[in-house]
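In the two assemblies presented below, chain A is common to both, partnered first by chain B and then by chain C.
Let's turn to the complex of A and B:
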């Protein structure tokens, strides 16, 4: 058998073909739109036919960072950072602990695993509807439970509570994925490591800290990165639970949606060019945060 | 030998892969079938129609659509209702794809001092994307004052399906009768009435604050009472744009203060109650009144059933009864035909059919809109409020043009969303932040 080429696949013309097709589809549906967003962020395109499009340079970016919008943008940015930070940390830590628990020999652990994973399978709209109904102040189950304690709350209507509740629902919905990834990692840890540690006199908690966590470092990296990138971009839950115009839960992505497509009472829809410029700002932000996180996590991994 | 077998299999495999790639490419390039259109004569083909959704009007459109299809069996109406929040994006994608023949649009003309702040629908009308309906014979059926209110650059690009009024409150006549209360005509009377209700353990008002905009209806009522004529409201808008008055002036701040008072009379935790729960809660007697629009009268009536009688009166936010005499409203869903429509014949035939008296009455009976044609029987509810609607008065949100360069606190521009319990500010704090946001746009 002769090798007729090197990268990407030696001799396998079929694989080159399918690989090429895959790259082509990715480029057309992924790369081209991304570059297009960058280009249109320098115009005042409205996305509607027949309306003239003008090149306006950096005006969209200047408007985004202008004094008038600064308050709203900082608010959205702060909400996004809190949302991403808290939901990622709780999802990773909670996911790890639950995965360790579900890795033991429990009776019915397959059932428990299914229950933990079930919220991930439900769509965002269904989750949003369920929790909106639960947290309806006029007679929902949440209100009834609080009434037992003699108090009441506006839940999503309370500006101090709304973001916290949205984060709670986000964690509830995303915990399953973290658990599954950690379970996969846990099952790859050889038992000999635990036996050796037990022989050396390590307690359960020490085994977790000194054996499980270091060996699981790649899974932790994956989960944290996935969590951060997902949480910084996801707005679907906040949108379904509280609408797009609620200042207490307005995230950067919701701001883009409202600016690009208009929202009820959320203000005048600007051009989609403006929305594209906010998208680029968000992209830079998510990129920077992800790179920093990756750097830190890879270093911890390498230490093993 | 192993290698010859492998080579034959490789050939078959690559053939299958090529076929699969070709199929995928063909599927992605495929689009749904287009509609045929006749040049003239009876309408045929598919009529693609999208409207902004509301329970009443959706039912009304479906009834008219069924009648239209019965009259013109060659036409098939593809009718889609889209929620208000998603409507702008669906409108944009359908227009770009050229897959809509009839849609609801709201091109509002923007005064010269606010140039640059046109909505997308206004931009579409200005660039000739909507068919000019001014000379169409069916437009003559509509009330002249309504057509004037909805004209854009002196032309009619849309057909008004009706009117709605929303600066008033629905009230539970049984509760009012039980405590000997009559309809208030001044702000003091309203406060006294609410105090009586509260003393008897009844929540005066019910508001669906979670959706945001329902909590803004009392603010619009306050502007209506503070500036009772259309000319005064237009002058206010111009003065704000030209920065001759400030949002921190006493009348402006007074609007927010009165809104705060209204919120203190609303049910507990109303900021978290969705708008859709309100008819049910009103029917259950959880509160005596609810600020809402006349578009909801069919939904509220069906929720209440025969438990008690319902009435509607303008929310009196001024001390002078004469300021509180009329309801502010808007032209309801307006139907437009895009110039890129593939089936203009059917679209125009539909508009003609819709505006015929019998079909229009059928629509109104479901939709609960007030008629935009003269001489139409409006139904018991709308007849009862006819004294408040004798002249059609566009409410504040139809007169005001927001500035996209200003902050979001200055959208209304009276920032009711910042007031407790929706937000965390007092009336004067909200007025100051709105003024700061407004001034920053210049």
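Let's turn to the complex of A and C:
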């Protein structure tokens, strides 16, 4: 949407100054560090200043896939894919259904929308504490429900359950954004479309499938991409709920933190070059998955 | 669609909404219930409704948690970094959208690429270390400010919807570029600016790992980190923990009630896709 036009203002000085200042901050504190990740992933840099840094070529990457680390890394990779996949799908499908529900002419629907969106504002630490409280193994609502069925669980302490619960909390916290995006899309659908479909005798499900979903295609694309990028890079909830060094919920992003900074606190001399190589692996994974998802979604959009 | 056919569907609608609302409100009510319990009360009956409310939990949590300091820190980080990010988005988005900068097309691509950058935790730490900004509030603010996300893209998208004749009319009145940005673009693009600021503010307000890495001094911790440290210190004193969590959550909920229209509509408008 960019059109090149002649510059109407008298002098270009202010524009150059402000544009330059903006680019400078963005470049120095955002772009350069991001590119530098690739550079230092080929070195043996540590967290301690003053230690000589050597080029070691691809050794960090070979180490990532070496027998000694492969188990842990594949575990983190698998967790990341499961975490991102499940939370994105449920957020998109659930978000769409809730948006359709809240789009009905119900009393106080802006209030309901606001309530679903609230976790985004509360923040991860608050959310983390609330759900640790609810899934408190020594007695909380979660334990009470299980007690009704005569069973109990360690919840976040149970390696088989921890990732599932983190995903659950992530969905609880993230549904609001996807609902809000879908609602904005839904409000752009003219009522006549539904009336026409109703006249043709379409059932509720058919109307959802044949009218709502096609018209919402762009919102679905936005939500899926947002979900993938957010989930692949998010570490906050896993970190707050289960710590950074928990194997059951280890994600690539928490692995970067553990490798680069010791994770348990106090560790400094960690291998940051190696951690940087994990960043790059994660970056490639996010890029590939996003591009594939974008291709599929765009093709669907075109067909509809 | 007659009225009689509508009603049963709406009953179902209200039932589903009630389930949904319960799902989101119950956790907060349970938090409040726990916050009013003493340790003894919690260990004998963790789930039951509180009988003897202990408002002292809030006083204790406030005194021991140093939350006043953390709230101030978080407010500072959020306003400053959100402000810097919004400034960057405006001064980049406007000239690129108008094509006043050479290579505007390429800049738009840069704006998209910004969204997919690799995790730069390690290099941002190294950068601040070498700039002597490690452990300073300024360093953290600059890093967070540069995390503009969709900001420049949203701004340039919105600016294209403002008529170009405006720029020309302003120049005829002898208005310079800087004053035009300040007194025309700023008010006209307010919806987009509010969205950009809020999106970044939410991100900054929630951030915890960069803060852990870049701000080793506890007196500089944002609220996220302060509450997390509090949780580490008072593990299993759930009454106190819940009270602390509520102290943190209440101002957010109050602010949200007043700003919800801007926040939710802003995001809806900005991310429609």
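In the analysis below, the second predicted complex is superposed on the first by the 266 of 304 C-alpha atoms of A that agree within 3 Å, B and C clash if a C-alpha of one lies under 4 Å from a C-alpha of the other, contacts with A are read in each partner's own complex, and residues count from 1 in each chain.
The rule we apply is simple: contacts are C-beta pairs under 8 Å (C-beta built on N, C-alpha and C of every residue); 3 or more make two chains touch, one makes a residue touch a chain.
What you see is a predicted model, and the numbers here were worked out from it, not measured in a lab.
S.K.: Quick one: classify A:137 as touching chain B (first), chain C (second), both or neither.
M.R.: First partner only, chain B.
S.K.: Quick check for you: in the superposed arrangement, does A:245 touch first (chain B), second (chain C), both or neither?
M.R.: A:245: touches chain B, not chain C.
S.K.: Please work out whether A:18 is in contact with chain B alone, chain C alone, both, or neither, and reply first, second, both or neither.
M.R.: both
S.K.: By the touch definition at the top of the document, which applies to A:124: first (chain B), second (chain C), both, or neither?
M.R.: second
S.K.: Determine, under the contact definition given at the top, whether A:197 touches first (chain B), second (chain C), both, or neither.
M.R.: In the superposition, A:197 contacts neither chain B nor chain C.
S.K.: Between chain B and chain C, whom does A:63 touch in the aligned arrangement: first, second, both, or neither?
M.R.: In the superposed model, A:63 contacts chain B only, not chain C.
S.K.: Output check: A:213 vs chain B and chain C. Expected answer is one of first, second, both, neither. What do you get?
M.R.: A:213 contacts neither chain B nor chain C.
S.K.: Give one of first, second, both or neither to describe whether A:89 is in contact with chain B, with chain C, with both, or with none.
M.R.: In the superposition, A:89 contacts neither chain B nor chain C.
S.K.: Determine, for the superposed model, which of the two partners chain B and chain C contacts more residues of chain A.
M.R.: Counting residues of chain A touched by each partner, the higher count goes to C.
S.K.: In the superposed arrangement, which partner chain does A:46 touch: chain B (first), chain C (second), both, or neither?
M.R.: Touch partner of A:46: chain B, not chain C.
S.K.: For chain A, what residues appear in both contact lists, the one with chain B and the one with chain C?
M.R.: 1, 13-14, 18, 21, 47, 49, 132, 136, 138, 143, 260-261
S.K.: Help me check something: in the complex, which residues belonging to chain A touch chain C?
M.R.: Contact set of chain A toward chain C: 1-5, 7-15, 18-19, 21-23, 25-26, 28-34, 36-38, 40, 45, 47, 49, 98, 101-102, 104-106, 109, 112-126, 128-134, 136, 138-141, 143-144, 172, 177, 180-181, 183-185, 188, 195, 198, 218-219, 221-222, 226, 229, 233, 235-236, 239-240, 253, 256-257, 260-261, 272, 275-276, 279-280, 282-283, 286-287, 290.
S.K.: Which residues of chain C touch chain A in their complex?
M.R.: Answer in residue numbers: 1, 9-10, 13-14, 16-17, 20-21, 23-28, 30-31, 34, 43, 46-47, 84, 87-88, 91-92, 95-101, 104-105, 108, 114-127, 129-130, 142-143, 145-148, 156-157, 160, 164, 167-168, 170-171, 174-178, 180-181, 202, 205-209, 212-213, 223-225, 227-228, 231, 238, 241-242, 245, 248-249, 252-253, 255-256, 260, 263-264, 267-269, 271-273.
S.K.: Under the touch definition given earlier, write down the residues of chain B that touch chain A in their complex.
M.R.: 3, 10, 13-14, 17-18, 21, 84-86, 88-89, 92, 95-96, 98, 117, 119-120, 123-124, 127-129, 209-213, 216, 267-274, 277, 281, 286, 339-340, 402-409, 411, 417-418, 421-424, 437, 440-441
S.K.: How about chain A: which of its residues touch chain B in the complex?
M.R.: Touching chain B: residues 1, 13-14, 17-18, 21, 46-52, 63, 66-69, 71-72, 132, 135-138, 143, 152-160, 242-248, 260-270 of chain A.
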